[in-house]
Structures are given as C-alpha cells and as structure tokens.
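We call the chains A, B, C and D, going by the order they appear; numbering starts again at 1 in every chain.
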C-alpha cells in the first residue's frame, strides 16, 4: 500500500481522491490546499487528513507518493519539494507553460531522480491503448496518417481560458502527446491554423477556440488534429490511424447501447458520454494504477517529464505557427 | 425485343410499364383494362395501345408475353387465356386465394406449358439475393434459424384489406416464399399467432394486423416471421440467417448516407426508404429482366406456379394455425 | 454493512464473492460447501470463513443474508433453513425444477416472510433496464412485439445439460422473465418449437439446443424468443421492442470500440463480449446491490419468488408445447 | 433531344457514352479521336459516328453540345473550337494545368459565351449534394470545420502520374472544389504537407502520394483535406461538416447491405464500392443530366470555368505551400 498525498482539491483532486480510495494499491493519506476548507471538503467526502502546507504532507513518512493537481504555475515548486523529499510524483499536464521552467524541472529531477509520471490520461483509455498497441504491432503496416478529433461539449469559463496557456497548450497538448506516442516519433515541423468561432470573449483574451494542426513526422507520416471548444452534440473524441495495410478507428463512446426509432422515421443512437469526467473515467483509473505499479515495481512510468516537455515544445510551436502562417520546428532543447 | 401486354393499369401496372419502357429487352405493346380510360392514362404516360379486352391483346402477334397485374380473382381466367394463346406469363402474387383454383391453374399450364413466372419480387432484391446465395453456398454452414421482419409503414385502406385474402395470404406470403427459397426446403408444419393491434377496422373485417409465424423445416431449421401493418419509423425489411458457422443480416436501406448530430446530442441516420415502391424499386426491375431473360433463353423462370401454390398452402396453414392454436401441416397437394 | 454467507463455491460463488468484497454495503462472512476444500479456495482468494455446514453459517449472528448459488435441487431445503433463521435470501434461478416444490417454497416464505430475491441478473443490465424503463414510460406507445435473441457461444458440458431441467427451464427462463418484466404481463398461452442442431449428445439426453418460442400476451402483444446453444461469433444478446409509436433495440456489447479495415476491404467491429461472465459482469454487480439495498431499506426486492415460479411455469409450458405441437396455457397456480 | 459529340474515347469517354445513350434528353451523335479505331470501339459498343477530326463533329448541325474528355493539354484548343462553333461544353477537370491558359479560356468564353460546365462530378453525388444543401440551409449553423477524406484504392500507372499536373491538381482539386462549394467561400490562404509513402516511382517523378491540406476561409472556417493514392480497404470518400449547431457526415457506400458474422467473432460490413466508376456512377449520370438541363433551359450550369480556374489556383497554391513550408495565398486573378 502506497500512502498518497493529493496536492490540490479542485477538479483534479476530486477525480483522484475516489480513485485512490478504491485502489487496492494505495491509501489516501492527505489532501493539501492552502485554502484548508477546500481540502477538508475532499477529505470529508473521501479519506485522509486535510493540510494547508505541502511540507507537512511531504514530511509525513506514510506518504510515498504525491499527485500534483494544482494550478500549472505551481508545478515547478511542488515537483522540486517532492523530489527533494524523495517522493514519487504524478503531475497533471501541462508540466509548465514555459520551456525554460520545464528545463529547470528536468534538472531538478536529474539531480533527485524520483519516479515521475505525467498525467496524459488519454493514453490509458482502453480504446486508445488498443489502437496504439495495434499500430505499434504492425496491424496496419507503416503509419501514413493519423487523425485526431477532440472537441469539447462547451467552452470553459473565461477565467479558466485566461490561465490556460492558450488552447494548444491547454488542450491540443493531449492530442500532441497521443500522436507522438502512437506514431513513435516526434514532429520535424508543425503547422497550425485557428480562430475564434465559438466565444468572442476567448478571442478578446487573445486565444482561439477552433483549430487545425498538422504535424510532419520524420518518417513522412502526417498527423492532423482538430479541436473545438464547442460540439453541441457532446464530447467528440475520435482517432483514425491510416497505414499501408489498413485503418483503425476508435468510435465515440455512448451513454447506453440502445437504438431508438420513432415517427420521425430516423434511427438514433444514444448520446455521447458527456465530457471528460465520464468519457475518461476509466482512463484516470488506469493512469493511477499505472503510476502506482511503476512506483511499486520501480519500472519507468509510461509518460514522464521528457514527454511533458516534448508536448509543450510542440504546442508552443503550434501557437507560433498559427501566428506566423508558416511551419515551425519545435524547440526540443536537445 | 419481346412485345409485352400489361394486364391491369392499377398500382402494379404503373410499376411495370416504366420498367418495360426502359428495358432493352422488351417493348410495351398494350395495356389492358375493361375500364379503358384507366388503361389510356398508363399508355399516355408511357407507351403502347390501350385495350379493354384481353383477347384483343392476346390476338396481337406482336405480343410475346403478358404481365398480369389484375385483381387476384381474375388470375385463373387470364392465365388460361394467355396459356392457350401461347404467351409467356409474369403473374403477380398470390396466384389465387384458393388451393383448388391453384390446382386448376397447374392443370391448365400442364396442358399448355408456356413459361410462367410468379412475381415474388423480393427474391430479386440485391441484398436478399446475396444473402440467399451466401447461405446456399455454405457461408454460414447448416442453416439453424431464419428470421424475417417485414413491417409496413402504415395500414392499407380497409377496402384493400377486405379483398386481400387475409394478412398471411396478402403479405406474409412474401416472407414465406423467401424462407422456402433461402432455406431450400418447405415447412413440415407451421404455427402462427396474430391479433389486431393497429386498426380496429381490420379486426372488424376478421383479419389481423400483427403476426408472428414459426415454420418448422424438415432439416430442423426454424423460421420466424413477424409482420405488422404499421411501423411508424418506416418500411422495415430485414432478414437474419443464423447457421452453424456464422450469421448474415441484411440491413435496412435508407434514403441517404448522411449521419446527423445535433444539440439533442444524438447521432441520427437517414430515414428508411419509405415503402415498397422505393425499397424494392430495383427488385422489380431485376424481376422483369429475369422474366424476359427466361422467355428469351427458354430457361425455367426463377419462381413459378408451383412456388406460388406452395406459398399459398403455407399461408393458409398459418391462418388456420392462428385460429386453432396449434401447428398445422400445409396441404401441398402432393 | 450486511454480513453475507455465500452457499455454493462453484461458478456462481466465484461470481458473487468478489462482488461482495468490493461492495461498500456488504461483507463476505462465510462460504459454505459440503466439499470444504472447494469453499476454502474461494475464501482464500477473497474473504470470509469456509464452512461445510449451512447451519453453521445460518447460526452466525454476523450473517444477515445468504446468497444461494448451489445446485437447483438444493434450493428448497436451503431457502427453508434460511427463512426459518430469518435471513434475507438471494437465490439463483431457477427457483426449482418442479412447480410443486416451488409452491412449497412459496408456503415456507409465506410463513417466514424474509426478504427474498431471485437472481434474474439480466434485468440489471444497464441497457436492458433502460429499454424496460423506456417501454414502461411509453416511449414507443403500446407494445406490439417483443423479440429476444439469446445465443450462447458454445454448448455446456453434457453433464450440465443433463441436470439443467431442459433448455427452456435452464436458459429460455431468462428471456421469459425479461419478457414478462418488460411487457408488464404474463402470457395467456405459449408455443415453442425446437430441435437438436448443435450437439447430438444433447438430443440423446432428450433435450434441445435450438428453439423458437412465442408468448401470446393478454394485451395482444406477441413475444418471440430464439435460443441457440452455439453462436460461433460469440454470446449474442439482443432485445427489440416494437410499439405503436416506435422501436427500441439493445445492441450487443463488444470487447472494444475499434473499427478495423484491412486489405480484405471490409470494416470489422470488435468481437462481442465472450460469455455471460463478461457480458453481464455489471448486471451481477447491480443485482447484488439491488438485493443489498432492498435488505437495508426493507423495500420489496425487484424479482421475487413469485417471479421465479411464474417463469418456471412458462418454461415448462414451452417444453410441453414443443412436445405436443400446440399452444399451452401455463399453470400459474392461481 | 440534344445531339452530343464526345471528344475522347478513353476512360472518360467510356463513362459518358453509355450515360448519353440512356438519357432521354440526349443522343450520342459522334465520338472523336484522332486515333479513329479507338473512337470506333466506343461507337460500336454504344451509338454515333466515329470521327478523327473535331472540326467534323463541330460542323455537324445535329451536334448541340460537346463533352470534352481528352487529355488536359488539349482542353484550351477544343474549348476554343467548340465555343467558336457555338456548342455547349461539358469539360472534364482540370480546366488546364496553367493559370495563364485558364485565363485564355476565360477570355475566349467571354467573347463566345456558350454554356460551359466543368466536370466536378462529386458535387452530383446524392449524399454530397444533400450535405451541401443541409449546410447551406443552416442545418448545422455556422460552418466551423469541414473535413474531406479522399483516398484511392491503389495508385495509377506512373505514366498517368507524370502527366497529371501533380497530386494536388489531379486529385485534391475535387476536394478543393467541394470545399468551396459547400462552404460558399474560397480560401484566404492554404497550407499543404505531403510526401511519398506509397510508391517510390511517384516520388522519383517529383510528385507526392500522401497529403494533408488546410484551407483557411475568410469566415474563419477551417478545411482539412487528406488524400492518399492507396487505401488497401478500398475507395474511401467521406465528408464531415462541423458547425455551431451540429455535425453532418457522409458515410462510405458499400457493395451491399449484408452484415457478416463468423467464427472470427467479428461483425464485418460489405466492402466499399471499389473505385470512382462504381462509387460515383450515379454522380456522373446526375452531372450529365444537370448539364443537359442547363443547355435546355439556358440556366447557368452548376459549375463553370470560373470554378475550374479557382480550383486550379488553390491546388497550385497547395503545391507551392508544400514546397515552401508556409501558407500561400492563391492567385485568383481578380
């Protein structure tokens, strides 16, 4: 049993706490939030002690690992503390909003080599994982194209958008990570286009809500990503891998398996699962289990700080490409 | 080019005339209806001479074949005239409403052996034909079960119902013919249940509008047919063949290949093709072509008077089974 | 927390024990099997004490409920013991193989009115439950037809078949229960046909492996059930409810949500979930939770001894109908 | 009846001749090919006189319209001749490979304003036409994204590739035309990426066989096109229109409507229609009918020389973008 402290009691904390509670591998020891009453609500609903100070959590010998679900700007400091305290770390994406600070994190972890995993939860979705395994196993021959569609049901509050680092860094970064993971390579150059078609406030904040991205891979494979902050029909999450010997597609998941036919003379399938809490509920579980297993066995976690930095470098190159109308080579720092 | 006279200028006449007009094998020579103005409407829209008297059509040396699309009660007399005149015959189903009169038709045709084909048009639907070919070719091994769903979009006028010979003879007969044709055998015994759930007038006329039929085949294969006079979502036509080594299903056909997703959060496929004129448009074409080819080549038509009598015997057994609550052995007359 | 003793450590015991272990409502206190080493294997893997004697389990004040997953012939005796001990009971289907013994169980329970629930797990499948709720809520208007397809991937060992009470009592009984539950009525008469097309040993044992059943409901609704002991493509579980205002269908569930396209030029969806352990995994969980909730709250369990007796009466009538080639009225005993 | 002369008796001639033969609006008067024996094969199979000289066809007063299905380099000269002869013109795409020569064609047609239509046959596919009509009618609100997938089953002979003008001009041009037609606007800028992943000979010829294209529309809508010269599972033709209020997708068409389930435990749908001759068979018919109707009624043909020039300008900009790694503004010449 690994004692875990969860840093942050916002949206991510409420995802991780019940997963830890149900896991046979872990025990929720503490929840940390400078706003103690927020942490207390989470521990009351689940387990563990509420703490205001991360150092208190890190000083607890019962804590073997921390999950960092705090605002992105705090990741560096918390990773540094946790690494120095020798705790294993599961950190939400993005690692940080700046490559310089990512490099600082890499240095810290080089010096204090604790196990660290990045929360790219979609890798742990059973359908996505099967698709990747099939591609890697040669089921469709050489990969020629990869198409990722990821559209949210509705835009987030504008306050969230303002602190998100921009749409590519906040959201496309998931698709970027999946693309590199599935293709087994990172782009030689990227191009992105985007605009504000959903919510003028997003445009006013200097961000976009509708984008298309192309990643040119060294193998010649081409990757397309499209993102929208609003799909009125629900959370649309699809991947298509097209190769020399075939094609694989993941279907959207639905609320149930009923087909309905009515006097409108149409067949209707059930709505899509509403948003990421529903759609990726089991991917979060598998993610936490993969982290705990890596901690237990000492194996390399399936997504680490280097993956986090790589995805950020690509997302930032997308943003720059969008502004400059040309291909951009990501700054991989190596 | 085969000169064809169409007997009847009602619903079936209006189906056959344009098909003949477009066929490179045939020419529409005349349309016969004692109500001459009805025949004239059809010839005006298409081709040929309007005639009131079938004998005039049969005496015309340009006529090589007749298509009988008149009321069922006239089939015997018209078949007799046409057979004696040596004309090839395509006759609508059912052959007749009585087995005795069917037997009389068989005798006439034994004496005057002209080519005759029964209008079981669904055999000529491309999907149905492929399914039958696959079953016959062993694609699913020994046939264990056959399920036929056939539901109309809306009940016909009560006047039609009253002269239809009953639901089993009017409609289930199509499914019965398909079942025997696909299975390659005829039932040892049948059971049917039914009631009046759609239109009380149908019940008042002594008929049913909702039925389930079971055919027990000598091989042990079991056939299920379900029929309804009203499916609010459209004309529902499906077949499922289940065998020792697999299953085949024909999907319903739709008005187009669009998927629509909207704010109701559902995916909707296009409506089904509305009714038999749309759904079986190409099966009627293939049926006429198959008839013309048989006439040209002298080959045995793919559905003949014996198939017509067999289907009627089974349909009548269904009606009797429904009334008596027990299995009935059809009177095959052999 | 309800302490539960599981009677039987065969297939059903291995289903129930892990569910109890994970439930927040229950604790697995003991597992009972006269063959103690069999019980010990289950408790070693999960929880609780292994006992050879049911009386030991029933005498334990920590036990509030029992789950009976033993051979059918032992149900009466164990229900009697448990009822007299005042324990709540979840009993596997069928209740018994004889109506007389069912009536004896009903008497015992009338005298010792403990909460009892029958293990008709398919009612608790989310898709089936949604379909029933929609039908009951009028989503398709008056129910006209109900079609249930239930085919196993492969026949069970012949020893299982011999003690099963026959295919209708062993397997069709699930569909019979669902049909009555969904339609909200019980059949006025039943008809069944069947044969041995899968495994000659089943025929030699006097049983059938391929059946079609028709239930005639008092409302006029017609129910079709088809069963096969072998569908080479997997466990095929579908329901179609056809009504005056629409149709609902449950789709089969699949192992994953991938579509695969290859050089064979076909699109293939993932295989069906293999058999009932996989397909109904969550229905068993929901079933146990529904039982525990009924025990906790004192509410009437959602399927009880009367549902068990009704389903058996109908299944026995099916078997008799099959032998006699006529409709049979079930002996409802009221 | 419009007398039509078909210029060219290659692949396109063999598509158009039978369509004309079956049309009630047209008569195939002549087929022109300097290689007379090639023209004779076509007239022998269908109708009309074989001619070596286009002037002979154009001098024939029975000819009211010409269909130009000759190599692209001959379009200018034949359009000039036909326009001067006052004949209506249906010309295959692309109009020409050079914008300068397109402009020359525009001048000729300005001087000799005969009806001219460009053979963008995919506009006439029933599913595509319905999708466009729905988008234009506001069914999905403002268009946010348009995704077009167009993949051939296998690469053409290398000789064809060498004279094709490059993949964008030869093939993507269809998708470009559809995108502009559906969106109702033309791109402000384009980006394209591509490589040679299918056939090294194509790369050696300086062309690509795998591409992704982004069109940035003035409204902010984003268009993605992906093309491949080889999809082993067949001719893959899909469009997805995503808007503020919903989404529309055209499904691929299949050879039949059978679902096949076998011991491999998978459900397989029928293969896709093989290639454009099959997939777009009815779009060619509708295209010819639309042309003939425009000629008959004097209405503006649904796709004309300006659409042809626009599509070429965009395709050439794609090729340039691919080489330069940056967005390119098409040279619309206005």
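Note that a contact is a pair of C-beta atoms (placed from the backbone, for glycine too) under 8 Å apart; a residue touches a chain by one contact, two chains touch by 3 or more.
Every value quoted in this text rests on a predicted model; they were computed, and no experiment measured them.
Asker: To reach subunit C from subunit B by way of touching chains, what is the minimum number of steps?
Answerer: 1
Asker: Please state whether C-D or A-D has more C-beta contact pairs across its interface.
Answerer: Pair with the higher count of C-beta contacts: A-D.
Asker: Taking each chain's centre as the mean of its C-alpha atoms, give the chain farthest from subunit C.
Answerer: Comparing chain centres, D lies farthest from subunit C.
Asker: Taking each chain's centre as its mean C-alpha position, how far apart are subunit A and subunit D in Å?
Answerer: 42
Asker: Averaged over CA atoms, how far is the centre of subunit C from the centre of subunit D? Could you give it in whole Å?
Answerer: 59
Asker: For subunit B, which residues are shared contacts with two or more other chains?
Answerer: Within subunit B, the residues that touch at least two other chains are 232-233, 245-247, 260-263.
Asker: In the complex formed with subunit C, which residues of subunit D make contact?
Answerer: Those in contact with subunit C are residues 232-234, 260-272.
Asker: In the complex formed with subunit D, which residues of subunit A make contact?
Answerer: Residue positions touching the partner: 142, 144-145, 147, 151, 189, 191, 193-198, 210-212, 214, 216, 220-222, 224, 226, 228, 230-233, 236, 242, 244-247, 325-327.
Asker: Can you check the complex and tell me which residues of subunit C touch subunit A?
Answerer: 126-127, 130-131, 134, 139-140, 245-253, 256-263
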